[in-house]
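As structure tokens, here come the structures.
Okay, so subunit A shows up in both of these, paired with subunit B first and subunit C after.
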Partner chain A sequence: MSQEYQVLAGPEGYLPPAAAVMGVELPKTGEALVEGSLVSDNEALHKIADKLLSAKNPFFFPGPLLLWAWKAGVAERAQAVRDLADAVGAGVIPMPDYRPKYPMINPAIEINPNHPNLTIWHNKIDVCVFVGVHCHYANIALKIIRGGTSCYTIALCGEAGHEDAMISLRDVNLAKIQELTAIVMDKKRQIAGGGK
Partner chain B sequence: MQKVVSPEHLFFEAPREQVFITGSEAVREAVRRANVDMAISYPITPQSESMHLVGDIFKEGYIREYFRGENEFAVMSAVAGASMGGVRVFTATGGPGTLRAFELFSTWSGARLPIVCAFMTRGVNSPLTIQPDTIEMSYLLDTGMIMLHAENAQDLYDYLLKAFPIAEQTEVHIPVGVFADGFFVTHTRENVKVAPVDIKLPPYNAYSAPVPVMDMENVPFRQMRDPFVMKSNYVSYAAHASWQQEVMAAAERARPSISSYLGGLLEVENADADILIITSGTAVSIAREAVAQAKQEGLNVGLVKIKCIRPFPTEEIRALTKNAKAVIVPEFNRVGWLAKEIKSIIPDNDKVVGAPRVFGGMTMPTQSILAEIRRCQA
Partner chain C sequence: MTKNILKMSPAFADIIPAEYRELVDNGPYGRDVGVAELGTFKELLEEHPLCAGCGLALALRIFLASLPAPEDTIVVGSTGCSSLVFPQAAVQNIHSLFGNQNSVASGLKRALKLRFPDKDKDVIVVAGDGATADIGLDMVMHSWFRRENITTIMLDNEAYANTGGQESGMSQQGTVLYMAPKGKNFPKISMPELAREAGCVYVAVGTPAQPRKLEKMLKRAIILARHVGPTYVQIMTPCPTNYKFKNNETVNRLKGLEKDGVFKPREYITAEAQEALNRLEEVSK
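Moving on to the complex of A and B:
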């Protein structure tokens, strides 16, 4: 089994494999995945900020775990993601549920895990962030995106992370989202000030 | 009545008491400590006694719900419904019962249900046989479930308890089948070390599942009644393909926890020997005795016990067999599914000897393994 499989922006091909089957392992606590390799959580946060700030048309795809106030703390986390998207200057397209909607989906306003490529193509999205999407559906969508689009995928996962995203954090909570926002703001200030 | 403890405490730290019990009773003792919400039964020899005993502990208050289904297909459907509803479920079957319910095992995996099922294996044949045989494992290899194969009642107790936290991890969340050779394990008594009865696993947390708790508006059920599932177009095919890939990926993600809880997907004795015996289930016990007899004859033979059949310990077996001159694979079935698995992953597979192979209820004398060892040594 190859240990060198890289999870890169596509289009990778007709039916790209699941990265887990190619030997990419999920990060442990305090770690993250960048393009199939394990890195520190902090390094991944900076990579995410760089990717988002250099994107032409970044979008956040919040899923049901974030869109519905189903338990205490979710509304605060949703607001933090909204603040992060605003700091980046990114758009937001929700994934409100997982029902297949093809061919009736309106890709301008909604994304669906069974055919996420339609929304990415329609809106010409070059970097996207999955957040609040149940892991099974995120993984289904991430593989389809890698197979058929050139979009760079980032997953902010509250559980164990996603091998099929180009960058994946695990155990993402309110503090982690706010930390990422602070890094984005800091980098924006550096860019505005002409620094590196 | 019981205190919730961490899986690590229950498995590795709590003091254990030795009891002299059958494999069926080992199932009862595992389920007693597994914090199971619901168990559903249907009789089939040689499994019947285990779910009967699980019913006894329901009466004692260790399980919240227990009933008998109409048949095996109904039972496996009912446990699927319960698992989709967000509770921890357990059931058991074997032989023809396994085949009667067969469609559901792939459904469990596809729907990401962390069901734990004990399979007490027996022959599938006409004329009807109730004898020990592992052929049903061959049929289940590609259903997407994790497959653990117990050598004895101790393994059966341990693997069943450990199956729950392995199955229920968010990134895994697929069924685990724990297999024991019918009669040899289920109907014989042996010493089994069990944890105190007053501790149990933490409850299942459905809110960390990779799929939402069942809702008729959500896939897979929504998918069934939407035209999407029947569409003949690339978008539909790609979604289904990615779904199946994700189920296979889930099994891969189980490797670390299986290794951690079971001490590896396999275990080895005398790994550097020229002749290796690789097997699983009760054939391991017989092979161990054959290895001891071979040693008395001055023959140097190693033994590999495969604990986990899915995911398969591919890299481990490739490394172990690299320098071996011969690999003997004894099996309790007529098709030699384990020999085929091993042959499919090593380059010089002409050194794999798929023998001895017994079935129809026949026992496997140690002499039959010794004969293969002597043949390979010659």
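Moving on to the complex of A and C:
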């Protein structure tokens, strides 16, 4: 590839390529992805906080891995993500499962990986965070969002990360979520104080 | 353990859509509810895109209410009208390539036995007559020959309904359909008898016009597949769209077909399965 592919907010058009096909690789431990480039984990945490705080209408989309307390530790992580969303002042719309539910989901109260654009359009969401969504569904949904909307996507992934998000962390656990919340709070204080 | 997937994380309980909350609070999971209780609990399926008066819709409502353990059930489907339903239902579902359903179910059941040796996971094939008796017959029969612990359910609307009305092996001789204008020229396949000879330990032919009886057949088939061997239930599900009758006549039509001797409900059970059933039904008393 002559030029490096950047994973940027769309709309990129119908059927955008998977970022992996365009040469974007998953981050290694301690790294993260910002718009298709590898950066340190710490740099990405700050980028996420900046994006969320400068957004007009940010939303979190927690998936089944967080919404359902299916194993020990999940309820605590869910609470931490809720605290993060509250710290940002973001809305939360759940993705309780992946059933396509034709003819249509109710985009005001839920999001579905098979047509995530409906929820983003309906609520005019400009920055969104995927968290607790199984990888294969996150990938397809992130690609659809890039194809059909101008929404900026962030993926907080407990596994290896997502090339199809504009910013993606990997190995996200309770401590990482709390660290991000602390950074957000800190930046908010700075903004309120008029400092930089 | 399994029911934990149905516990909401408290931090997000306030934003879970009502539909899911009702399933958690008043769904059939882990409860002894069935056809008699319909209307008192949140059903696994409430909206579907099937035609008004569809026999499948009636049968599937009863099927979903009859599941002994919906939280531990995986439905394996195949292309056809019923595959429009399962993506909407609150039960685990795998859609397989048309005709492959019994092979997919066999592999799945074996994997689940290895993964959860102490837990009964019900793998149930639900497919049309075309998928079961025609294009998937090879896979269906061999799963029975191999004595796989799965339940096979045929939704028999005597046609390839989803593709616009071709005759199937299950159509009656002489049937004229949109895409069978000259009339079918061989008789309906005796699938229940084939199932009996091929190794199914329990075979039943039922109708949604008799919901309680159908429920009993389905429960027996699912429980016996866990403990004894393959089972088969054939449900007569007339199609108003392809057979051109009024969509409020489905149940009457079923009753009429039975009265005229065209449709014959029946049950076959092996001695071994009968013994197991006696034991199990005794325990559950």
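In the analysis below, the second predicted complex is superposed on the first by the 192 of 196 C-alpha atoms of A that agree within 3 Å, B and C clash if a C-alpha of one lies under 4 Å from a C-alpha of the other, contacts with A are read in each partner's own complex, and residues count from 1 in each chain.
Throughout what follows, a contact is a pair of C-beta atoms (placed from the backbone, for glycine too) under 8 Å apart; a residue touches a chain by one contact, two chains touch by 3 or more.
All values derive from a computational prediction rather than experimental measurement.
In the superposition on chain A, A:Ser54 makes contact with neither subunit B nor subunit C. Of the two partner chains, subunit C is the only one that A:Trp68 touches; subunit B does not reach it. In the superposition on chain A, contact of A:Ala78 is made with subunit C only, not with subunit B. In the superposed pair of complexes, A:Asn106 makes contact with subunit C only, with no contact to subunit B.
By the document's definition of touching, neither partner reaches A:Gln190: not subunit B, not subunit C. With both structures placed on the common chain, the touch criterion links A:Asn173 to neither subunit B nor subunit C. In the superposed model, A:Ser40 lies in contact with neither subunit B nor subunit C.
In the superposed pair of complexes, A:Pro96 makes contact with subunit C only, with no contact to subunit B. Taking subunit B and subunit C in turn and counting the residues of subunit A each one touches, the greater count comes from B.
71, 97, 99-100, 102-103 are the residues of subunit A that lie in the contact sets of both subunit B and subunit C, per the superposition on chain A. Of all the residues in subunit A, the ones that touch subunit B in their complex are 1, 15, 17-21, 25-26, 64, 71, 97-100, 102-103, 113-115, 118, 134-137, 139-141, 143-144, 147-148, 159-161, 163-164.
The residues of subunit C lying in touch with subunit A in their complex are 4-12, 15-17, 20, 49, 84, 87-90.
If you check the complex, the residues on subunit B that touch subunit A are 112, 169-171, 173, 207-212, 217-219, 222-223, 226, 228-229, 231, 233, 235-236, 238-239, 241-243, 245-246, 248-250, 252-253, 256, 314-315. Every residue of subunit A that touches subunit C in the complex is listed here, in rising order: 62, 66-71, 74-75, 78-79, 81-82, 92-94, 96-97, 99-103, 106, 109-110.
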